[in-house]
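Below you will find the structure I want to go over with you.
Residue numbering begins at 1 within each chain, and the chains themselves are lettered A, B, C and D in the order written.
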Amino acid sequence: MKLNIACQLNYESQENVPLVLMLRPQSGSGQQVIEEQFLLSPNITFTEYSDIYGNLCQRIHSPIGNLTITTTALVETSDTIDVNFRANFIPVENLPAHTLIYLLPSRYCESDKFSFMAADITQNLPLGYQQVEAIRRWVRSNVVYEYGYSSSSSSACDINQSRIGVCRDFSHLCIALCRGINIPARMVVGYLYNLEPMDLHAWFEVYLENQWFTFDATQEHPKGNRVVLAYGRDASDVAFATQFGNIMLCDMQVSVTAAEIR
Amino acid sequence: MKLNIACQLNYESQENVPLVLMLRPQSGSGQQVIEEQFLLSPNITFTEYSDIYGNLCQRIHSPIGNLTITTTALVETSDTIDVNFRANFIPVENLPAHTLIYLLPSRYCESDKFSFMAADITQNLPLGYQQVEAIRRWVRSNVVYEYGYSSSSSSACDINQSRIGVCRDFSHLCIALCRGINIPARMVVGYLYNLEPMDLHAWFEVYLENQWFTFDATQEHPKGNRVVLAYGRDASDVAFATQFGNIMLCDMQVSVTAAEIR
Amino acid sequence: MKLNIACQLNYESQENVPLVLMLRPQSGSGQQVIEEQFLLSPNITFTEYSDIYGNLCQRIHSPIGNLTITTTALVETSDTIDVNFRANFIPVENLPAHTLIYLLPSRYCESDKFSFMAADITQNLPLGYQQVEAIRRWVRSNVVYEYGYSSSSSSACDINQSRIGVCRDFSHLCIALCRGINIPARMVVGYLYNLEPMDLHAWFEVYLENQWFTFDATQEHPKGNRVVLAYGRDASDVAFATQFGNIMLCDMQVSVTAAEIR
Amino acid sequence: MKLNIACQLNYESQENVPLVLMLRPQSGSGQQVIEEQFLLSPNITFTEYSDIYGNLCQRIHSPIGNLTITTTALVETSDTIDVNFRANFIPVENLPAHTLIYLLPSRYCESDKFSFMAADITQNLPLGYQQVEAIRRWVRSNVVYEYGYSSSSSSACDINQSRIGVCRDFSHLCIALCRGINIPARMVVGYLYNLEPMDLHAWFEVYLENQWFTFDATQEHPKGNRVVLAYGRDASDVAFATQFGNIMLCDMQVSVTAAEIR
């Protein structure tokens, strides 16, 4: 399905603050960008670079006062996600080199502490997809989805203790558990069609049988029509905006709509 | 100046032909892409990748019949090019590693055969910018700009013999001469505001005193407001369309206009 | 000074365990590898790849029973480290893109929690080198160097609480504090001449005034003659051996000696 | 088989000349470097970098007078090359992106001029391996192997005219022909066990059915036990030494011997 996505951010600042944004989708696996727009008001300059994961990043230096960032895009996406209950676990020695970094612990996914728990959740299951699905179901059943209880510094360990959080936290806990049983897992942020309430979203992917599979612990049956903004080891790598100073995000509007046929 | 650029290509084919395009500008040194659009009619799928030079490439498989490719963008560019007659030659041993490939001969720039000629054109000049400017002036004075005499297989050697060609050929000869005296030189293709007649354009850049400088042998005084589509060693690397089979480009429309202030 | 370095690891395992090693130094900033050797006994196969930080990694699959890994190298190093008390802080908006990842929090350096503490330690100091030196001195004065109190899962927060650890922990705490005041900081592992007792070592680097500067909180006056094995965000990225299963490191011998002049 | 390889170069120069070398093998597809040594006499400094193809390059600045470069390595190689007469041609639209650059013409392989000839040589053959083998056999039968008739500026077109050349020229002609029928082809330089007379060697690889296959038009039945030094589009990319000034290679000694079992 072709999706029109849009995100508008309104900032207010009393000082000049450097910002690194990941707000412009790129064509890639499962999505093709047809149109794309990135507007700053006031009309300040920006630069762009690709980070070590290949994400396109925008660097700006906020003005004093108001700053509005508007991004829109028209993107072709897939209506479904790949589901394959028989997708096999790949023994570490056979994993492609580029996936190995997604086995290591990271800031918000202390996977070095989750091996026992992950083995427990997945015991007696065939190795691979069904293990990940069991982890996803476990997190979905045991963590309450609610805003306001976790923060940007909450990690998988924190959430496993509090058992309450949002999409980001659900993903972190799933990722830490997957890595705990040597399945490469990475964080994804982006847009999801029909998300309620509409917002930017976070989910995760795991590497099995020679491809990345999409998983989302916030949905009963994870749906397609996703637009990826960034991939990384966890939220520290894929924040849609990383700010280096005091700047207030006053308002944020996100929309995802089906593009009319033309 | 903010520029609206557009390029429309109409192809006709009796078979399915793979094409690799370099038609979508990216933000980079001296240009920031604000809006961008890539449309195919009929609405076939495409994929994208970055080549070894960092250029964004689009892969498509042409349908039988007609294919229209439409690309547009709004891009912030600089009104002028950097000119510095004192910019120094960098001895090879001090060049950054990433520039060294631009010293080597390539398909259309047989620089291994141009050392003597380049030394002759630049004799008695201070090393650096003034050498390149002398090469640019020499090519401008000694090669006739005219369509229809060179072809896609014409190289610097061919042009040096025939002394007639177009922007692509002017660039190849300049690049071969610059490399002949150990100045890294690369080909650039893109858009140029106020080019007459309007078309996609080719020019070259050289690396001096820690930056790439823009040169253009087709203009008396090279102007700014350029939008880069691709960088490479020569036209073989930066063709706006590389086709692998028989497909006919029936029509091509290029436009570059100043964006209204808003 | 030319250094002969050697590291021998003896493993024992009851199963086949995948290992990723970072044990072969590469030529790079401040070091040139002249000779290098990597031996496995029994003579099993290995493969190599470069990770996202550019570190050369060796992948092996341990046999059942004993495994001896022997690495040696002859490396040219610098006798001193660069010290410049006037090296300036680079505002985030001016940092090169490749350094930005070293501002983000990571598994063992929860820098998002260290801004206040870092500001406190460095108050009233000129921005830049002197701030980092103050952090280094603070850690050196307030953390006890002793084996056996920290573990491979100890993070900067843990060490700030316990105030006891080893070179790895000292580095993590310093890195978290530097990032807390927006100075890019990365972990380094390698060899250090005259280290007592001899072992592999960990230290850190910060990016100031357009270069990486070496710092080491375990030494009163940090010395040169270091051979780098790997760079990364923290110990999770630069473990000399990452194992994916049960395998026991029975013995480890490290030596660093001055090469005789020849 | 484990091979001991060695190359010693003796240069003499009246000025300081920058050199870029590709003389140190790296572990990679089909070869594992166990020991490796790079010595310069006099003991001048060098630096290293990876080029855009991933080749490790050494940069030195030659002294006035004599310079001896000695490289040795112990490398595990395969005794055979992969041969598969059923390996399929991959249509361009299905080729991995990283192989596309090896379809383009380059300095010494003007493949844009070889489509007709390549189609002629391979007519009626099944697409893929057998086409390449036919090209290899055609070149082997129609070009005389002899030193002294071609030069470092000879290209595939030149050799197709003169029909006489060395391993480098044989490879260039084969590569140009393969690319002419849309088969990715690249140049390889390195060592070959039992080559007579012993020297550095050049051969080529083509991409079929998801792997690179080794071909060598200088041998009746191409053998294994090859140590790769560099990959590239043609000899311009993979010269074992590229010099930027006047320096004389007075002597060059190459040896490849089977390592004793230990």
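Just so it is clear, a contact is a pair of C-beta atoms (placed from the backbone, for glycine too) under 8 Å apart; a residue touches a chain by one contact, two chains touch by 3 or more.
Heads up on the chains, UniProt names are A, B, C, D = Transglutaminase-like domain-containing protein.
Everything numeric in this text was worked out from a predicted model, so none of it was measured.
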item: Where subunit C and subunit D overlap in contact partners, by chain label; value: none
item: Far-end chain from subunit D, centres as C-alpha averages; value: A
item: Distance from subunit B to subunit A - Cα centre to Cα centre, in angstrom; value: 37
item: Chain centre separation (subunit A, subunit D; CA means) in Å; value: 44
item: Approximate Å spacing (C-alpha centroids) for the pair subunit B, subunit D; value: 30
item: Residues of subunit D whose C-beta touches two or more other chains; value: none
item: Chains that touch, pairwise; value: A-B, A-C, B-D, C-D
item: In the complex, subunit C residues that touch subunit D; value: 26-28, 32-39, 45-48, 76
item: Parts of subunit D lying in touch with subunit B, wherever the complex brings them together; value: 16, 18, 20, 49, 51-53, 57, 59, 61, 91-93, 97, 100-101, 103-107, 110, 112-113, 152-153, 182, 236-237, 242, 244
